[in-house]
Amino acid sequence: MDYKFPKELKYTETHEWVLLEDEVATVGITDYAQHQLGDIVYVEMPEIGMIFERESIAGEIESVKAVGEIIMPLSGEIMKTNSKIIDNPELVNSSPFEEGWIMKIKISHKDEIENLISVEEYIKVVESEEA
Amino acid sequence: MKPQTPLIFTKQNNLASNNYIPQLDIEETDDIDAILPRKYRRDDLDLPNIPEVDIVRHYVELSKINYGVDTGIYPLGSCTMKYNPKVNELISRLPHYSQLHPLQENNQGALKIIFELSKCLSEITGMEGFTLQPAAGAHGELTGLLIMKKYFEYNKIVKKKIIVPDSAHGTNPASAKMAGFSIIELSSNESGEVPLDQLEFAMKDKDVAGIMLTNPNTLGVFDRNIKEITKIVHNNGGLCYYDGANLNPMLGICRPKDMGFDIVHLNLHKTFATPHGGGGPGSGPVGVVEKLIPYLPEPYLITDDKKIVCREKSKISIGRVKAFWGNFGVLVKAYAYILSLGAEGLKKVGQCAVLNANYLRIRLQEKYHLPYNRICQHEFILSDKNLPNGITTEDIAKRILDYGVYTPTIYFPLIVNGAMMFEPTETESKDSLDAYTDILLKIYEEAAKNPELLKNAPHNTPVGRLDAVTAARNPILHD
Amino acid sequence: MVKLDFIPHDQKTIQQMLDVIGLKSIQDLFHDIPKDLILEKLDLGAGISESDLFNELNEISKKNKIYNSSFLGAGCYYHYIPSLVDFIISRSEFYTSYTPYQAEASQGFLQAIYEYQTIITKLTKMDVANASMYDGSTALAEAALMATRITRKNKILMIEGIHPEYVEVVKTYCWGQNINYEIIELESLDSKLDEEYAAIIIQSPNFFGDIEDLKVIVNAVKNKYPKCLVIQVMTDPTCLGILSPPGELDIDIFVAEGQPFGISPSFGGPGLGILATKKEYLRKIPGRLVGKTKELNGEKEGFILTLQAREQHIRREKASSNICTNQALCSLAALIYLLCMGRTGLKDLAYQNIQKANYTKKKLLNIPGYKILNNKPTYNEFLLSCPDLDSLIKNCEELNLLPPLKISKYFTHMINVALVCITEMNSRKSIDLFLQAAKNSTSEEK
């Protein structure tokens, strides 16, 4: 299967992508993840202002046949969530890295960035899951 | 194709007023405000008034576009859709059962049914005490897991995890969570069985309360190591829970107690032929070994040979899981079923359930992929691996509906991609199984020669394939 | 001898089938089972014929007493059941079917469940109702769990007056998930409530018959703690023929026992758990939901199980609830009942219940020694303080009346107090007999 793996992003083993811009991280789920879930019907996003630790569950993505958890790639405060995907959750399927972004976090522990994996490492994760 | 049936609310006729209840025969008070002030009363009541004849026609119409066991073969795996004896319906409707109030004192007949049914279920499973309070299998699972929780709490041992195989029915982990446990999932090996080394390793964790298993499992496979499995769990201080959804092939053949289980739940609407009702009511009795009897929900029945009475409240009971006694109307039917079959009949059920499943399997496996190529018990799995032209399990299922019969369970268990789980049950005749096999084989031919027919199926049902995505994105749940 | 086992094989057929499979005997089917686990024989009787079965079960049933009239409610109620209800739920296309996973072959039942969901929303004026829970008690327990999921808080406040068996069930479920609870008097609500509570639970009409002023109570709660949910529970929802619906009272989750809607008492089960809520809590609702949708490649409307991603068969340990089989056939019975009764019928029914209960209360007050203990308006149940309740009960039994509940069964300090229930099924004649029984239990002969 041909999935998109944008090179400029960082990833997690739980299939989130992260776009780092100074203090702010934009987070979404990967092309592989949206494909596994199927047609997405609803995204439950955290409230703005909530603070989560890295690896905790910030929200959920529901498809017809499955539910995926949105795991915080880094600790921080939720600054913004993507209101477009409330009425149009299908954007997460059609444009997972752009219009289908989920939330923006104010990073509280910059050293945690080391835990994110590179695009090459993430591709390996996907390959081993597919095997 | 028939036109759709409009909703019943379109049949409103504001002039109509059916006349069912007794005439008011006492002097009413004129001053309703005095007995129920205005502020408590509603302004309007938006229920339709519909003439009885229109209600009848509407629901007769709907019944005609609904498929049941009485319509034809219904081989849903792990559901045990066997024939529901009609005499049991009559018996449950006898006024001396159906008109009983749960809190009335003169209830020895009802208590006798509960008590005797418990005894029968004990004999069938080997368990020493039963509660018939849970209303369904999942409810029974919750009850059984709460018993486990209480057992450890009372013995001042902290246990927060339950082992569940990856082939388990979804209610298992869901029930475990409702009982406050988290799950450790074991990966079944290539034979579909629990790997003993993984189990040993998992049980080394002192936090593990025990294991939840069904045997035969959802792959239709009898785990040959079952005695070792329960021994390993016991040796490490754990308890063993048996999900009785798959008990049908074991009736009169083998007992969960002998396999080493401590707690069992049963599904009366599966194994004991009470009707599925379109999704209930069911009943999920829970049986336990003697040391766990004090933990069973109250009330628990005992006898002093003259009367059936409730035991003195146990200080370590888990409490109630439901108001009153349980789904008594369902219990009566299950008891009647057991009496009519007797020991020999029940054994024949176990034998023929397995016979029928293997007979169905044997010709189908010539064409369809069979992930576990061995003698199955009451059910078996096929998958959509190697189907021609990219045909999926869903396509096959929808095409089966075009032939006027029902599908197997699909996409479960999760460990087989594109799983199709077939459980014909013992009440299907050889001819019925032959006809069903012919249909499945014909569909295979169609998949090869005319795949579009399957991809766009069903064609012959009241509606075609439905849009599940929009239904979940923008749910419309009432008019 | 032919046995009643419903297995359509004779020995010859069984042998043919074994040949096709490639096995010699039936025992070979079980060769995976360790030999020492194989049973000799179950210690149960021999099977019996249908007529013998019927006779035997009929005889056992006669060990139960049925009465000419009932004065007992307390969570299970005698209301008239139109004959149409049983006629429709006896259609085997409905009752021998299972959960409608294959929507295209189950449009009949799916539409019926959709209609049930609709009629419950009309009756309660709540935004959405699910397809059913097991009964009122478990629906209440699940509502409590639902409230903790929505609010992410771990405490529940129960107001006194909830059916004692329901309280026990809520306690069991809460203990399962380490949720704390407290039971308080209504008067203490204002002082006790704080922002730590996920929800308050209040029964109205309550176990003792009192109709609470929910408008005032809910307003008070929401003004102070807008995030605290209010759960209303009801054991006889026929009162909605006359009482304000929960949707107009800002109730967040409404649960009720649906047995009064066309389901026989049947010794307490099966019943019907009704659960309805506000639309913002839709995705936290437990249980099945049927939605309306269109064909993928056509214009027809159809019905389908939806939002299944909340349920156990997909979410597994993350499911809202473990519920799978629910009470589908009972929800069909309730639907037919409500359609038969209609607006006019249900209004009449509720009105009759109140009038007859009121009539009985007035007449009882004329008998020395009897007191009505309710200070609030009531529906069809009330608390009666008696000079000698045991004697009243004995007299009722002799007159073939099902006596009212001895409240001390649940509240040991309340001696000589009965919970009396009067419905449209209590004829004037039976009420008069009850009054007679009451009079006779005050006399000195004993």
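General remarks:
Residue numbering begins at 1 within each chain, and the chains themselves are lettered A, B and C in the order written.
By our rule, a contact is a pair of C-beta atoms (placed from the backbone, for glycine too) under 8 Å apart; a residue touches a chain by one contact, two chains touch by 3 or more.
Since this is a predicted model, take the numbers as computed values, not measurements.
Among the other chains, C has the CA centre that is most remote from the centre of chain A.
Innermost chain of the displayed assembly, by C-alpha centre distance to the whole-protein C-alpha centre, is B. Compared on C-beta pairs in contact, B-C and A-B come out with B-C as the pair having more.
Each chain gets a centre from the mean of its Cα atoms; for chain A and chain C, those two points are 43 Å apart.
Separation between the centroids of chain B and chain C, computed from CA atoms only, is 19 Å. Computed centre separation for the pair chain A/chain B is 37 angstrom, with centres defined by C-alpha atoms.
Touching of two or more other chains is recorded for residues 468, 472 of chain B.
Looking at chain A, one finds that residues 41-42, 62-65 touch two or more other chains.
Residue numbers of chain C whose C-beta contacts span two or more other chains: 307-309, 314-315, 318. By the touch rule above, chain A contacts chain C in their complex via residues 41-42, 44, 62-67, 69.
By the touch rule above, chain B contacts chain A in their complex via residues 411, 468-469, 472-473. By the touch criterion given at the top, residues 283, 307-310, 314-315, 318 of chain C touch chain A in their complex.
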